[in-house]
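Got some structures for you, see below.
Same chain, two partners: chain A is paired with chain B first, then with chain C.
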Partner chain A sequence: MSLIQVEGLTVRYGRRTALDGVSFEVPDGGVYALLGRNGAGKSSLVRCLLGEQRPAAGRTMLLGREAWRERARALTEVGVVHESPDAPPAMTARQLSRFCAPLYPRWDGDGFSARLRRFGIPENVAFGKLSRGQRAQVALGLALAPEPRLLVLDDPTLGLDPVARRAVFEELIGDLADRGTTVFLTSHDLGGVEGIAGRAGILQDGRLVLDEEIETLKRRFRRVSFAPGGEAAARLAELVPVAVASRGWRVEAVVSGWDDDHPAVPPGATVEVSALTLEEIFLALVGDPQ
Partner chain B sequence: MIPSLHIEPADPRPIWRQIEEGIQHLVASGAIAAGAAVPSVRDLARELQINPATVSKAYQRLTDAGVLLVKRGDGTYVADTPPELPREIRTRKLRDGAVRYAGLAVTLGVPEEEAVVFLRDAWKSLKEEGGPG
Partner chain C sequence: MRAFLALLRREIAERRLLLAGAALAGLVPLVLPWFPGPAGLSPADLRGGAALGLAAVAVSLLALGLGSTVLAADLSEGRLGFYFARPLPGWAIWAAKMLGALLLTAGSGALILLPSVLAGGTFEVSVFWAGSALLGIPVLLVVSHAVSVMIRSRSLWLALDVGALGLIGGVLWVSCRVLWREGAQMLVVWSGFGFAACLLVAAAAAGLVQVVRGRTDLRRGHRLLSLTLWALLGGMTLGHLAFVAWVFRVAPTDLISLLSVEPAPAGGWIALQAPARWRGGYTPVFLFNVDSGRFLRLPTQGEGYWWSFPDFSADGRRAVWLERLESRTYRVLALDLSGPEAEMRGTGVYFSESPSSLELSPDGRRLAALTGNRLTVDDLVTGRLLYSGEMPGERGPGERLLFLGPHRLRLFASVWTDEPGVPNVWRLTTLDLEIPQRRLVPVSRIELPRQSGICLLSPEGRWAVLHEWSSRDFQLADLESGQAIPLRTSSDPLALLADGRVLLLHREGRRRLVGLLGPDGAETLRVQIPGSRLQVGGFVAPGQDLLVVSTTDRETPGDDRDWTSWLVDLRTGSRRLIGRGMVQATGFPFPRGSLPAFHRILLRRGGELFDADPTNGHLRRVLTLKSPARTTD
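Right after this comes the complex of A and B.
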């Protein structure tokens, strides 16, 4: 069963279309990363997913329930970490855990304490006095304590330093190892996402321009560098280029139709072919943020 | 942590295959001894910052191939007599290394005969240091 089903989701703000007929699914046990530049529609999508916003058309299903109509019931088995997590600043982590516990059918308070101890976060310090990284860790702990079937993370490492980022991903990896929780996350940290996500979607101007297993994605994308005017240049179209740039005396293309078994342009003395990271693929598809 | 097991994001091979071939290589070269314990799926996933399912897939394939041995309730170990590195992997690794070295020589304008001499010298010095012969 798919824990998330997004069907023809459309969101408009006045005349502006923020999401335009977006559809995808996240199967049970999968880890799905939604990527996109600022303003691509990620936040609108997360709001619809959590039943906080009514779409103009289409719908989002959470664990088989429509998020907008059955928000409360759909969310009982969903853990959420918002972008820059918020909580009453005077409450300590222990108080937050006690406050949240009765709202859920299950609450693993011991697990919550153990998680904070592992990262050296005091349970008796007010949330407002914790560092950003510690707040993110508390928010993740609160999201995991009800032992959710689905975890929704909206850019959980935004604004964190590399050490705090690693701590968040470690906790996530630990949970995946323990219970195989299904995860839907948006992130700017493509390097971090690359290892843990199985599938990625890319939003651009409100449309889902890509929805694919990361493994197959990385198999079919390559950077091909060659001299202009040669045979490689003539056959480039067969490789379905998504970005072409000239670099000094050579041409560099990112292609999306590479096939290792039958390369249309065989690598050789004049043609260099190299694989790409998820981040490089993302930049080639949606352009550099600058 | 397994010594010198690295994940290269720009490697065209999927991560599980990088782990599978990496461990195979470390076992075949003796860097991890026969019978030695390897990290749990969870620990290795944390160390490499990757999905445990990915590590699990690699471990499963290594277990099927007889390289690793799962002792129930205890942990995962290198088999007492692990099979040698499959021939096609060995050939590919050697060919890749050779192409890189030859490319370097061509770039520097070093003729073939001279490049081969450097290779022999390197081989000799490795043997004198007591490395694998």
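Right after this comes the complex of A and C.
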């Protein structure tokens, strides 16, 4: 069963189309990372997903419920962390936990407190007085405390230092390992995403240009470096070049459609082939082609 | 509901310091009496007044402050997403935050008042102000939320808001001004309350829609809020306009609790004024034809003096009416009552202020008016000003004008001299103005030792009943000879018939008698009438000397069921019962001058007006009011 179903989602702001017919699914137990440059439409998609924004066309289903119409019911089993961790600034973490507890069918208050203790976050300090990293941990704790079936994380590590970023992802991985929570996240931290996500989608100018298992993705993309002309260049041209750059007397290209079992390079050819990280694939797909 | 309660608790807990501050502020009025303060105020008054003032200011500021921040600030600063990321329905977010703000505001007011209440402070709050406060606090809250969202969104929709506010405000201003000018002041007050209630509903609904449908998007929320708010207020404004139009479509059959009735001296037209049903105290003035049932609503004179009535000509075919204009001047309207329909037209005659005395010539062509110190005579047909001059003689209260014919106006001026070393005297001077010659001719001067006034005046201006204020004695004065004869009565009621004869009530032990005095003061007839109180009508059918007399045993006014009406023949003294439970509507409640000829209108409790046939005493119902008519006598 898919916990998230996005069907033909279109969002417009006046004449500008922010999302154009986006469709994808996130199956139960999966970790889906939605990637895209700033302005690609990620935040609009997350708002539609959480029922905060009504799409111009299409729909988003959250745990089988239409997100716009049945937002409150659907969110009883969803934990959410927004882009910039938000909560009433005067409330302490303890007050936030007490406030949220009656809203959900389950609430692991002890787990929330333990998590904060683990990170040395005081429970009696106002949310507005915490550091950004601490606020992120509190927000994540609040999202995890109801033991949700689905976590929606909208760039939860934005603006955090590498240590805080790592801590957030460690928490996530721990929770995923414990309970098999389904996760939908957007992030600019592709290194972190690569460590936990099983599937990724890439938004570009409001369109979903890629929606694939990350392992498959990484197998499919390669960086090849070769001298122009010759048989190797002709064979490589049959692959799909995503990005091509000239490096002195050699050409460097990122190609899609690579198959390790049937490499497109003749034996003995002077071609350098290397695997790509998710970040490199992302840059090749949505970055400057040159 | 659980989510709503959780959020409501949170809202109150988060701002609990406001309540603590209010409790502290409530102690301030307690110590005020220890300091020098306004003289003449008791400590209880001072405490009560100070506590009320402090509470009013605090509650107003809190309503404005909380209303503009509890939701709008979270929305504009991106914090509302915290709530929308939780399983909280949109309605619960809006309702809990607004109710929390309302409870904090009201609770703060109560905490400020409480110490002074316990200390025995004096509170004088009218129902009006209490109602205004009860309505005003939530209105301030929801309106300040709406305005805050509009300003914070900084979108072009703000232009629509300003435009819609101007349009709706302008329309309401105009409609309320029309109501005010027509004398429906209470309707304006009720409209204000009604519109405040509508504003509360509209702004609350708009805020709810903004949160439920606009959610975390400020601009989209602003758009939804504006569309909802102005659509509802626009609809309510149209409803108000429809109501105003309905108010002014009033007919005599809509009237209740008849205030006053004045029949024309001749013909079938009567003027009547009464509050209209479901119109919030609006008391229109009608000309109503008892024969045809046709009617004309007169423009009310602004302040709505309920004794204001058209001035009829002697033949009942014309009348004049003053319309108060925006410029606070008065326009004379001429009413033509000769046809089946009453017609009203402007005359081109204006007064800069309300005339203290107004008199229409017997043929209805000329109008004499005393405005301030200036006497004017206008020809209403040609529009010519025939005379204008200072009112002659010594000035005093109770000046009267009376046309003796189309070219002759009789003036009555009275003065009470109060000069040291000179015996006090009340002096009534009668003069005639020869209009074509513009010449004043002295007629008579009557001096009385005690301060008096003209009580009744006969139609041809010769006879007057004078009333001595201190002794309550009455004198019958011949204004042409200057002679005054004491009347053998010392109390009302009495009436002056058109030929100078006087009707008065005698009390002889338990008996009640109607006496008829000739112009010389000699009693010519005495008729025994059952009942201790008496109301007399006028001559009906000249030459027949028939008089309508209504009597009751009740000494206190208010119950008209006990009245009995008789037709009395003044030549023979015989009387005939014509109806029960009716009082006469002549000059009701105060007869003006002498009894008009052909008066025949009776009013029955239950709201029916009857026309009595003078020849046989038969009654014909000519108008039924909407609900029980309250009459006074």
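What we mean here is this: the second predicted complex is superposed on the first by the 283 of 290 C-alpha atoms of A that agree within 3 Å, B and C clash if a C-alpha of one lies under 4 Å from a C-alpha of the other, contacts with A are read in each partner's own complex, and residues count from 1 in each chain.
The criterion applied here is as follows: contacts are C-beta pairs under 8 Å (C-beta built on N, C-alpha and C of every residue); 3 or more make two chains touch, one makes a residue touch a chain.
Remember, predicted model here, so these are calculated numbers, not experimental data.
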So, A:104: does it touch chain B (first), chain C (second), both, or neither? second
Have a look at where A:276 lands relative to chain B and chain C in the superposition and call it first, second, both or neither. first
After superposition on the shared chain, which partner residues are touched by A:17: those of chain B (first), chain C (second), both, or neither? neither
Classify the contacts of A:260 with the two partner chains as first (chain B alone), second (chain C alone), both, or neither. first
Under the stated touch criterion, which partner chain does A:191 make contact with: chain B (first), chain C (second), both, or neither? first
Which holds for A:31: it touches chain B only (first), chain C only (second), both, or neither? first
Which of the two partners, first being chain B and second being chain C, lies in contact with A:173: first, second, both, or neither? first
Both chain B and chain C contact which residues of chain A? none
Interfacial residue positions of chain C with respect to chain A in the complex: 2-3, 6-7, 10, 14, 74, 78-79, 81-82, 84-90, 213, 215-217, 220
Help me check something: in the complex, which residues belonging to chain A touch chain B? 29, 31, 166, 169-170, 173-174, 176-178, 180, 191-192, 194-198, 215, 218-219, 222, 260, 274-280
Using the touch rule from the top, collect the residues of chain A that touch chain C in their complex. 47, 50-54, 71-76, 80, 82, 84, 86-91, 99-100, 102-104
Chain B residues within the chain A interface of the complex: 7, 9-12, 14-15, 41-42, 45-46, 48-54
